[in-house]
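Across the two complexes that follow, subunit A remains constant while its partner is subunit B and subsequently subunit C.
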Partner chain A sequence: MVGTWDTRNVVRLFNGVGALVMFSVVIGAYAIQFIFLEPPCPLCLLIRIGMLATGFGLVLNALFGPKPIHYGFALLGAIFGILVSLRNIALHIVPGTGSYGDAVFGFHLYTWAFLVFMAIVIAIAVVMFFQRQFDEPTGQAPRIVNLVAVIALAVGIFLAAANTFTTAVECELGPCPDNPTRVL
Partner chain B sequence: MEPLTPIIAAASPFYWLPFGFIFIALFIALWGAVREDGSDIKKVEEREQ
Partner chain C sequence: MMAALFLVWLGAFVAAAKGRRNLSIVIGLAALILSLAMFRYHVSDNITLSL
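And now, the complex of A and B:
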């Protein structure tokens, strides 16, 4: 069965891809943590929480169909991430105050995080223009829609579990070091 | 900005907690998705009847 490409299912697919984008940023942060041995700063950990929270809202849309409550959760996660990444940018904005970590394609990771959060807020705002996504389903969803949703859910579960573990190990259940030196 | 610093530092021992919450929330979503499997088709069939 091919499935029905109604507005609801197109938006579900979009949300699944959006969740994968948010999660892939955290995977990129992990790559930098373990390949280039750059442990995350405390604010970087908060940015990851924002990324996963935003991705969680989008995964719910992809799995169960678009609902305002899912978008609300994703937006709260993104706004939290914007606030934290802006603070991180502000800490290093004055010339001569240094930076945290190496730049990637010219920007530091917290600057990239700010841009990603802004992009997802704008994307959610635009997608919410399409009112018919909130209608009842008109037919079976195409297989790709469910597949992307399940993959995004699996990646999210893995990243949340991995971050719970690595954060607890890095901070040793005490205050997270401002300039951490150990990766794990 | 400065009043935030002690708050962020005081909360930092618990930074692993939100990750844990999201992990549990995603697991509940997984459980819900398994339970609701095929619900779209059922809704369409119910409406058609």
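And now, the complex of A and C:
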């Protein structure tokens, strides 16, 4: 049976894609870590956590259907990420204080992270305008909606597990070094 | 310590994968609070730290 494209299912798909966007930023950070051999700083790791937290809230929407508590979780994760990335930007905002890592398309990664977090906050606010997503009964969803939700969840699990491993190797049991030298 | 934090997040994702929505939200909220504590730990008045 083919599902219906009602507001609820469209929003579920949007949330699944949004989660994949958040996770793709972490994949990009991994690429820079291993291709350009640039080890992540402690605040960079916390920004990854912000991405995972925001993606987690969006994955819950994609899996279980849109609910205010899921959006609230995603917003808290994004606000956490904004706090961390702003702190990282502020550390280098004074001319002559240098920067951490190389710039990508003119911005450093923590600046890009701040922009991504702001964009997802705005996107969530706009999507929450659509009240029918909370009122409509749970119906048969098109296959692509469930597929994207499962893929987003799998990517989230993989990234959380991968970061657990690579961070354990980089930082061992103590606090992460402020100026890390080990990529892995 | 940071690796343990990622492990808690992994637990939240796994709980969601098992269909335990409420449990995943509880674990996720705990992980978020721990993440805030970790952020506070890495914020220092010394600008040479916490790069």
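Assume the second predicted complex is superposed on the first by the 182 of 184 C-alpha atoms of A that agree within 3 Å, B and C clash if a C-alpha of one lies under 4 Å from a C-alpha of the other, contacts with A are read in each partner's own complex, and residues count from 1 in each chain.
Keep this in mind: contacts are C-beta pairs under 8 Å (C-beta built on N, C-alpha and C of every residue); 3 or more make two chains touch, one makes a residue touch a chain.
These figures come from a predicted structure and were not determined experimentally.
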Practice prompt. Classify the contacts of A:69 with the two partner chains as first (subunit B alone), second (subunit C alone), both, or neither.
Written response: second
Worksheet item: Looking at the overlay, does A:118 come into contact with subunit B only (first), subunit C only (second), both, or neither?
Response: neither
Worksheet item: Can A:153 be said to touch subunit B (first), subunit C (second), both, or neither?
Response: both
Practice prompt. May I ask you to decide whether A:17 touches subunit B, subunit C, both, or neither, giving the answer as first, second, both or neither?
Written response: neither
Fill in: Touching partner for A:32 - first (subunit B), second (subunit C), both, neither
neither
Discussion item. Just to be sure I read the superposition right, which of the two partners does A:141 touch: subunit B = first, subunit C = second, or both, or neither?
Written reply: first
Worksheet item: Of the partners subunit B and subunit C, which touch A:89 in the superposed model: first, second, both, neither?
Response: neither
Worksheet item: With the two structures laid over each other on chain A, which partner does A:128 touch: subunit B (first), subunit C (second), both, or neither?
Response: neither
Practice prompt. Name the contact category of A:174: first (subunit B only), second (subunit C only), both, or neither.
Written response: both
Discussion item. Please report the subunit A residues shared by its interface with subunit B and its interface with subunit C.
Written reply: 42-43, 45-46, 49, 52-53, 56, 59-60, 63-64, 87, 153, 156-157, 160-161, 163-165, 167-168, 171, 173-176
Practice prompt. Over in the complex, which subunit A residues touch subunit C? Could you list them?
Written response: 41-43, 45-46, 49-50, 52-53, 56-57, 59-60, 63-64, 69, 73, 76-77, 80, 83-84, 87, 91, 97, 100, 153, 156-157, 160-161, 163-165, 167-168, 171, 173-176, 178-179
Worksheet entry | List of subunit C residues in touch with subunit A within their complex | 1-3, 5-7, 9-10, 12-14, 16-17, 21, 24-25, 28-29, 31-32, 35-36, 38-39, 41-43, 47-51
Worksheet item: Which bits of subunit A are touching subunit B when the two form their complex?
Response: 42-43, 45-46, 48-49, 52-53, 56, 59-60, 63-65, 87, 90, 136-141, 149-150, 153, 156-157, 160-161, 163-165, 167-168, 171, 173-176
Discussion item. Give the list of subunit B residues in touch with subunit A in this complex.
Written reply: 1, 4, 8-10, 12-13, 15-16, 18-20, 22-23, 25-27, 29-30, 32-33, 36, 40-41, 43-44, 47
